[in-house]
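For reference, the structures are reproduced in the following blocks.
Common to both upcoming complexes is chain A, partnered first by chain B, then by chain C.
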Partner chain A sequence: MEASEAKSKKQGASRLCCLCNQRRPVLKRPKTLQQICKDCFYEVFEEEIHQVIVKNGLFKAGERVAIGASGGKDSTVLAYVLSELNRRHSYGLDLFLLSIDEGITGYRDDSLETVKRNELQYGLPLQILSYKDLYGWTMDDIVKMIGLKNNCTFCGVFRRQALDRGAALLKVDKLVTGHNADDIAETVLLNILRGDIARLSRCTSITTVYIREGDLHTYAYFKKLDYFSTECIYSPNAYRGFAREFIKDLERLRPRAILDIIKSGEDFRIATTTKMPEQGTCERCGYISSQKWCKACVLLDGLNRGLPKMGIGRARGGANGDHHKETKKPASAGRSLESKQCGSLDF
Partner chain B sequence: MQLTLEFGGGLELLCDSEKIHKVNVDLPNGVEELTMKDLLSWVRTNVIKERPEMFIKGDTVRPGVLVLVNDCDWELSGQLETTIEDKDVIVFISTLHGG
Partner chain C sequence: MACNSSGCESGGCYGREKDNGRKAVDVKETVTLCVKCKCNEPMTFGDGGSDDGRFCAECFRSNVYGKFRLAVTSHAMITPSDNVLVAFSGGSSSRVALQFVHELQVKALKNYEASRDRSLPVFGVGVAFVDESAAYPALYGGVSDAIAWVRSTVLSLSPPGKDLHVVPIESVFGSDSVEARDRLVKLLDSVSDETGKEDLLLHLKMLSLQKVASENGYNRLVVGSCTSRLASHVLTATVKGRGYSLSADIQHVDARWKVPIVLPLRDCVWQEITRLCHLDGLKTVELARHPQSGINDLVSSFVALLQEENPSRECTIVRTAAKLTPFYFNKIPETDDSCVPMATQRRLKKFNLKYDGSMTTEAFCPICNCPLNGSDSSEDESDALYAASCSSCRFQILPQDGSSLEQFGSLLPHHMISQVKHHQKVDSQTYLREKIKDCLLLDDEEAV
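Showing the complex of A and B:
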């Protein structure tokens, strides 16, 4: 013990933890720049999540809650902390792990082994749903058909719906996912870059604990949590990758950038002249949709008809184009941005 | 000096899929102390077998790589200026993957 204390004195971490004043500090909290020790870090980290849950009245005792679990660090930390807080603060929740098998060989099949271990480690029942069962297509099949572009578009849309369907199957009341602050900041940026006002307004409206990805990693590492960490083999071409690199570089120059981007996203006010999509249901499958057919059905239809580009690119024609007859077209020949129905810009 | 290097979060794939490396690092000529800056360049030359750009950017780690020296975030000890001593444990974790 003495030797390591001497070492840390030499390395400049000679102060004690700002919170407990007893132990040696191991990291700097980005929000407050305080130097804190491991135990205080755990406490602060877990308490922040607990406070968001309590202040927003997220759960009621007796509710069934599904945790979207992929075996990655975000969902592993989420499952660990939520089940711990459920116990510690007696939330009275019935927790489940819900995993989606997209059918990505060499990636998902490995991470599912991790979730199966999590099921035993945390004592949470696990339900796995596959794209094959739900849609008749695995991601491997889809990529063979569409090539290496737009993979995340298909996967993301299908997975979101798969999670909701899984939640309905488990008859849960709530679904929680492990999205972190970096993810949300990337999403805000992506929606700005694409001019997707509808998604921009929605992406910060869901209750999120804004935890930095770096902190999640540190927590998972110190706690020696069992998680799977490899990049999805289809992700290198994703547009999100650019937003991610940019944000990571930005974070280096200005650590507050991530939380500030999210704040901008939250505070955006949409011009009153912009037409926003209205929530309805998909005519084909009954899922929520702002168009006649939900995105998953459009994409699936394209795949089944051998038209991989359907639903990708600007929606001028195709399945959803026909349903825009009610949009008022301006008298002038040119199309102005104001007349475009929001949410119809698609890349 | 004898050091233990740990690679996680996918970085192990750059070093023959070995997560833990026990290494012997000699101080560069005329230098009294080994800093993280020196160590990084040593690691890049001697341990990283492929795609060094996933590990290093310029003379520091790529943004998104967490560095812990003896279980302590290197931001507390001066990042590149951190001095490394015999028997130290240095951990590199990449955060750049899905979760």
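Showing the complex of A and C:
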């Protein structure tokens, strides 16, 4: 009797959740290495997000909010938690799922099925926008034309604009995305590596809940959330991959380094004059732009003219400069070019 | 055309084909000339690096030396009245720095001897070698050989003659070598983080250089850090949460120290430096490094990987970081010293106009001497050392529990601790009063 009692006591003493001291711990939290139980983990995780929302006054009651949903773990957790918090704390928000179909066979078509299931599971109306409808090109088409280098540039630029257009279509007030701390850290590093001081100053200024990727995985796993977990098939050559690998190695040596990278990003002494570009509108489609043409139009124009390098790398006179010459040509010259303007929405 | 085949063994295989003044022309490849002077044959280093076979030896050398000289003159790093201490580790970068400083000095001496009025004195040069063997006992055997080699190298670089100072790193604790060594070992042992230990050693190294410089009347410390070294530093600083102070570390001049540090090789890349050593037959010595398994090493490997993918990556990294706003101490301070030639004073004034006039005084971390970001300070800290230190040193160097922290403080060199006391004494009212005292009309506070 004594032996088994002692044994269970020993187990009990060293093996109780750090936070509630009642339940059995089932995981070691990646961020803090604390041993905690499932319920406490859910609580701290959801509370952290709630605190950021409240402290930063992110939403007002009655607002329509679109959640960028890809079907991946980040956006799935985001959709789940946000709808849960909306209910629990009565944010009074009208939530929507907004998904972008880039036209990547064997990847996006599968993940979209997940989002359609999320629509039913979370009871959030879903809107899907496709590159095909917006731009006349799928990523499959684009990769066929330009190969596997720089394709991420196209996709990223198109998707950001697509999300904005979708948000306008849904008439929402805010758009939320599932970028996590690891993403932001990668972005900080990338901007240092590629010399983009302006982006370096902007990338940490948007309100983000700095959730570690490890915590997201853990939450999704224990909550048994339905998500799609494959790498984009076109991403192996992405430069971001370098930063990602490095961060994974770094995390093994010092887990808090990821948050330290973000801290550095916030603390960099960057002159305020370098911060914001002047906001204007694109002459071609009316979308927000700091140049004559928005980046999406520049890229699209390049694709349509069979000049896929346009808009990639440093501008020599710039596509924006080149365009000026082109407008003098008779309109009839471009047969299907005119019809391939990006988007049909008025801004 | 430089021979591109990897199987080629000899360095200048194309050059030997000349016959009776006629250049032998390969059907596929033609002999090319240096892209700069268009006279001489280009050098091939065969090291697989970029730009191989484009410049002749003279042009290559003058490119690198030119960058050095430009950095020195445009930042007023070395002026006739200065006494300059070159930090020499025996590695390639500091060997090139030493060589170039010596050549500058030789030229100055020549001009001095040729000039009629001898108005411009020749700057003095000394060399410092930091002996880290107390921190790495395993290296003990190699150190005395290294020191002997350093001594003979410095001797060969005269005239003008240069003093050599061999500085044991433990000298920051005091002159009693046994006690000092003991204290060093105890101090390093109490740092549990691998990276923290490496960084603490770097801080102690700088302290020892500062000590020998100020004790021997030097007013400049030349450090041979090149672009590549700075690129790694940019990333390590970012990764350790030191984004605020980063811009202080990567400029040409760092005058927050008693003896200002200058980086004349800041704009040269590692590849240029190693090629130059090869070209000029500059010997170097590489002491067996303590196996580094921390963040610093991870970052070096990462940068090496990026360099493979794109040889200009190091330059881009440093260029990006150079766009960060430097600090007021990142320039040689102007001086009214009459010993300093007028030309120098004028140049300093002109250069200093580039910086905005805000002479804000910064508080500095007592351990790493980085400028502290206001948001970092925590006021209700029971331990003065903890309160005064930056967040990075707090995490990776200072012990985590209270009692160990006190003991750690007692082990630190006096110079670091004295800064803490100073930091504590200045309360906000006194500090503000100091700043506005020139505007105050009345001396008596109560009259306000």
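Note that the second predicted complex is superposed on the first by the 292 of 347 C-alpha atoms of A that agree within 3 Å, B and C clash if a C-alpha of one lies under 4 Å from a C-alpha of the other, contacts with A are read in each partner's own complex, and residues count from 1 in each chain.
Everything below uses one rule, namely that a residue touches a chain if its C-beta (ideal position, glycine included) is under 8 Å from a C-beta of that chain, and two chains touch if they have at least 3 such contacts.
Just so it is clear, the model here is predicted, and its values are computed rather than measured.
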So, A:232: does it touch chain B (first), chain C (second), both, or neither?
first
Quick check on the superposed pair: does A:249 touch chain B, chain C, both, or neither? Answer first, second, both or neither.
both
For A:197, using the defined touch cut-off, is the partner it touches chain B, chain C, both, or neither? Pick first, second, both or neither.
second
Contact-wise, after the overlay, does A:23 reach chain B, chain C, both or neither (first, second, both, neither)?
neither
Who touches more of chain A, chain B or chain C?
B
For A:117, decide between first (touching chain B), second (touching chain C), both and neither.
neither
Identify the partner contact of A:73: answer first if only chain B is touched, second if only chain C is, both if each is, neither if none is.
first
With both complexes superposed on chain A, which partner does A:165 reach: first (chain B), second (chain C), both or neither?
neither
Output check: A:257 vs chain B and chain C. Expected answer is one of first, second, both, neither. What do you get?
second
What is the contact status of A:221 with respect to chain B (first) and chain C (second): first, second, both, or neither?
first
Share the list of chain A residues that count as touching for chain B in one structure and for chain C in the other.
249
Any idea which chain C residues touch chain A in the complex?
195, 234-235, 237-244, 246-247, 294-295, 298, 302, 305-306, 309, 313, 316-317, 319-321, 323-325, 373, 391-392, 395
Touching residues (chain side chain A, partner chain C) in the complex:
188-189, 191-197, 200, 242, 246, 249-250, 253-254, 256-257, 259-261, 263-271, 274
Chain B-touching residues of chain A, taken from the complex the two chains share
4, 7-8, 10-13, 24-28, 35, 38, 70, 72-75, 178, 180, 213-214, 216-218, 221-222, 227, 229-232, 235, 244-245, 248-249, 251-252
What part of chain B is in contact with chain A in the complex they form?
8-10, 13, 63-64, 66, 68-73, 75-78, 82-83, 85, 88, 91, 93-99
